[in-house]
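Each chain carries a letter (A, B, C and D) given by its place in the written order, and its residues are counted from 1.
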Amino acid sequence: MAMQFLSDNAAAVHPAVWDALRSADAAQPPYDNDDLSLELDSAFGALFERSCAVLWVATGTAANCLALATMVPPHGGVICHREAHIETDECGAPGFYTHGAKLILAEGEGAKLTPASIDAAIAAIRKDVHQVQPHAVSVTQASEYGRAYQPAEMAKIAASAAQHGLKLHVDGARFANAVAFLGCTPWEACHGASALSFGCVKNGAMSAEALVFFDLELADLARLRRKRAGHLQSKGRFLAAQILAMLDNDLWLTNARAANAAAQELAVVASGRLIHPVQANELFLATSAPERERLRAQGFSFYDWGEGAARLITSWNTDPAHSAALAQAIRAL
Amino acid sequence: MAMQFLSDNAAAVHPAVWDALRSADAAQPPYDNDDLSLELDSAFGALFERSCAVLWVATGTAANCLALATMVPPHGGVICHREAHIETDECGAPGFYTHGAKLILAEGEGAKLTPASIDAAIAAIRKDVHQVQPHAVSVTQASEYGRAYQPAEMAKIAASAAQHGLKLHVDGARFANAVAFLGCTPWEACHGASALSFGCVKNGAMSAEALVFFDLELADLARLRRKRAGHLQSKGRFLAAQILAMLDNDLWLTNARAANAAAQELAVVASGRLIHPVQANELFLATSAPERERLRAQGFSFYDWGEGAARLITSWNTDPAHSAALAQAIRAL
Amino acid sequence: MAMQFLSDNAAAVHPAVWDALRSADAAQPPYDNDDLSLELDSAFGALFERSCAVLWVATGTAANCLALATMVPPHGGVICHREAHIETDECGAPGFYTHGAKLILAEGEGAKLTPASIDAAIAAIRKDVHQVQPHAVSVTQASEYGRAYQPAEMAKIAASAAQHGLKLHVDGARFANAVAFLGCTPWEACHGASALSFGCVKNGAMSAEALVFFDLELADLARLRRKRAGHLQSKGRFLAAQILAMLDNDLWLTNARAANAAAQELAVVASGRLIHPVQANELFLATSAPERERLRAQGFSFYDWGEGAARLITSWNTDPAHSAALAQAIRAL
Amino acid sequence: MAMQFLSDNAAAVHPAVWDALRSADAAQPPYDNDDLSLELDSAFGALFERSCAVLWVATGTAANCLALATMVPPHGGVICHREAHIETDECGAPGFYTHGAKLILAEGEGAKLTPASIDAAIAAIRKDVHQVQPHAVSVTQASEYGRAYQPAEMAKIAASAAQHGLKLHVDGARFANAVAFLGCTPWEACHGASALSFGCVKNGAMSAEALVFFDLELADLARLRRKRAGHLQSKGRFLAAQILAMLDNDLWLTNARAANAAAQELAVVASGRLIHPVQANELFLATSAPERERLRAQGFSFYDWGEGAARLITSWNTDPAHSAALAQAIRAL
């Protein structure tokens, strides 16, 4: 059996989540009318210290795209990074959910947008009916390369978006890892967002993500769109239960800290090979094909990242023995 | 605590499903590359005695609409009953998934289509570019009024669809209840279908429906569309596990028989009030508002169906004490 | 050569329109930045005695569907008559332009909605996320059966729509015929509309319809959607020229009066056979198949309307000799 | 009055087109059932020396996007140049017509794709359900920078597309200018295309483009989609008439040669400033802002192209006095 560093997206379910699932089994009103679903708004309100309207959905793609569909008309556009998950890994789901809105691709180191790159993307667009006009900005916290936006960076991006009249969406598939790294408040890590895809599945849940709206009017649209997309599960209590379990006792942060710590342990020994600074639970290591071959031969499982790199991801439950072994193997390359 | 006859869609999860979920927790390749997901095709192949390609999804709406999206182009139409779930209760999801294809509404007693009603719907359409041309027929087995299509009826509908060059979709949210009632083979109950939404959630599962393609080419399209709709869960093994647990030892039939038996027990005492013959686990009882008030006062929970009727639904785990009490209460009306 | 009573939609172009086309040939800024296009808002403002924002498009289907797309979100619905052109004869164009919004079909004699039929359609919809919620009402003035809404009827429908928070769209493919019949002001004939598809093609133009917005904010959306639909012609001056020619000296009314008069001449002799009162330029005559055969044998061209009727349409340029001949032929049946 | 070098898209209508329009006025069957529309297939069949199915539409955007909609499913992609008109200047119309398919952007000098750039775009796409898979290639002949694909280049691109199982679309808004420059047969200039948007409006027509299908099955889809997009005009004979007039006596080539000649006259004097070789009727001249100011002061009208260039376009009816004056003004800069 391989030692898994492929992805956090298939890791085991946390025991506390299992417990919450079992406790949710008693028959309840269907859809999102059960007690657990009704508790989400206040639970996230307390976490973010502001009013929230929260919908559960089964996947990050659904969360991201439902959020965008409330912000952008079919004839509009969303500014995002060229390597954003919504652009590269969702099989066109944003185009589906928004009915053909355009992803307007912008640049930035480490798959992070900057106010300057947002401005550059906007400046390239003529203000006429021939070109698609932007309506929103989407950033990923932490980014697709495991890079976190500092609170000050988020604030500047939020200000830049607001100045151009654009809504802000935060893809937080690994939001927990970012907050754990940044040591800031949750709100500081997504400052100014109208909606946040608050990831749970990669962090110990089974099948639930929280779509958190800070712009409450958008949530009503999302509720209709969720049903219309076949994402309104009748036994929704089981999704709410997972999410509440993640918030309870800050399990989301505890799990993220464990994953981040495992990543840092590897980062230390791999510092000479790091393509990106390690700020979450992902490592991109400059490695030759034979080197990667050698690691795999020792039982480590991970993805190639182009010709010259390996992508390694740790999880909330990465076995310390596995990371210690991998650290040693990297050192020995 | 009310005695629940509102719906089967929020009932508890069957113990065997829980066991299967727990057993699926070991880390696995993500999405649908795990061993359990890979087992679905052959498991359903054995059940239906023909080649199948099976995708899990979280909801019946997603199953129905993904299926339709593979059969009908955006400029085409789907013939379905005026009271079909896809028309009345999916918030326009068919329009979303098919990109605006039209539901062409047809008639039929008990929310069941007939070859004649299909022919009539087709005959009303001019064969030109000004009118939407049909590409598929969708029927619900058992129907929205708990009416089952007999094998001979299914065969005739399939023949009628084939004759007009239309694909056939079967919405089987309560397919198990229909098969349990009919005592036929699973294939006889959906004879000629290109795709079947094989319902599990109403029958003891938590969050998984099986979308079964008998027309195997359509499955490849559905795989792309599922991802694009945000329905490709990364821990898909948990959906596959639920579905396999339903098939194991014919749990799907055992559960459906239990629900049907509870419904029959009520049907016997309510025979004078039945608006539809009871062929699955749904009862529609002619009742006055005061009568329904009286039932509710005794702790029974159910939906009104228009002004003069009550809809009562039994589940795999309907408490025999509850149905006995309800039977007595109905008799006493 | 047949005597044409098939449709007004292929009639010749009026000489004044030809003159206007020729006069518009001088090179101009492209799209809708030319002097003629810029004149449309004020020309219609004068006609309707209120602020208007006007876009030219090539077809009535485009006008109708662009209008609806500004009023109804993809997850919403439009209440219209079961026999409305948008439902029966646009190949699903409303579904295309609105991205899958639903046409919610209502009843009414002569293909005319009433406040009561609108209320009934609304009352049948549960206010939850499972059913498609209406956002607009669309009526056809004159209706698909050549029936005009009286000013008082329009006012009541507008009030009913407003009360339910719905926008009002008027399909005016034969708006001129309705106004000519009603003898009211143009605004009275579409009272309360947010947008009117003001038809010209059936009334002497070549290829231009005016989409008139009374709700000015919607026009900006329509401008983007028009481009996105490939309807922003670069030599738009030729469309504006046609429309202005129709307004000039009330040509639109003069032409409509001519068509209506021809229809009335036939209505007099056919009064015993009229299925609908003749209030515009369409006649529906109860006729047997052999009778229709006899008319055709005499050189008259028209459509069958089901098994037992003929549809006859007059045009701005129906030859008086042809209508006299037809009147005689009908009398002789 | 400025001397116009802004665009060819608003130029006057050619006298022969006017004549054809007038001749088409006689009442005819509506839509595309008139004699002129029925003549299009054979007229283009003769021109391209192969079977064609031809639809008229009002704009190049409609032609391009209808063509793409027949080739690419909503979940698929189209490879095109980063500066293709469909990407930069159609307000997202491809996303509208294809229901959200993705434009996969590729590189190439002069806005021309190459087999290598197509291969590179394909190689970057993983063959899984997470990434959008290409279904078609779209090239512009002549390109957005007035660059023509040589027959050998077209043949290689067609071969590359075919090898990957992709359909080929040619945006021929200025196809006439390309063929006039290349001196090849029309088919050689779009070799291997499944569909060609054959531009007329920029070349002397008023409001008609020909969408030419060489893959005949696609045309039937396009006919439905055209209606559904509101592009099936009822007096379609006027569009057919324009197109036939363009083909008659090779007017399309005559007009294109005139425009190209005017451009070459300017190219000669501007050779030191040419950013792209002049192969059609567009010139991109390296010029400073003050230089452009000086040209404008002399009465020349044109667009800036970024900070350091001017875009000048000649037309079929560019006044020789104007081009002579402009040539002199450029020489004098």
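The working rule: a residue touches a chain if its C-beta (ideal position, glycine included) is under 8 Å from a C-beta of that chain, and two chains touch if they have at least 3 such contacts.
If you're wondering where the values come from, they're calculated on a predicted model, not measured in any experiment.
Undergrad: What chain groups remain joined by touching if chain B is not counted?
TA: Take away chain B: still one piece.
Undergrad: Among the chains, which is located farthest from chain A on the basis of C-alpha centroids?
TA: For chain A, the chain whose C-alpha mean is farthest off is C.
Undergrad: Averaging only over C-alpha atoms, locate the centres of chain B and chain C and give their separation in whole Å.
TA: Those two chain centres are 42 Å apart.
Undergrad: Find the geometric centre of each of chain A and chain C from their Cα atoms only, then give the gap between the two centres in Å, rounded to an integer.
TA: From the centre of chain A to the centre of chain C is 50 Å.
Undergrad: Nearest whole angstrom, what separates the Cα centre of chain C from the Cα centre of chain D?
TA: 34
Undergrad: Hunt down the residues of chain A that sit against at least two other chains at once, touch-wise.
TA: 74-75, 90-92, 96, 99-100, 129-130, 224, 227-228, 232
Undergrad: Spell out the part of chain C that touches chain D in their complex, as residue ranges.
TA: On the chain C side, the touching residues are 4, 6-7, 9-13, 18, 21-22, 25-30, 34, 57-66, 90-93, 96-97, 201-202, 206-207, 224, 227-235, 237-239.
Undergrad: Please name which positions on chain B make contact with chain D in the complex.
TA: Contacts found on chain B: 73-75, 99-100, 129-130, 133, 221, 223-228, 232.
Undergrad: Sort out for me which residues of chain D touch chain A in the complex.
TA: Per the touch definition, chain D meets chain A at residues 74-75, 77, 88-92, 95-96, 98-102, 129-132.
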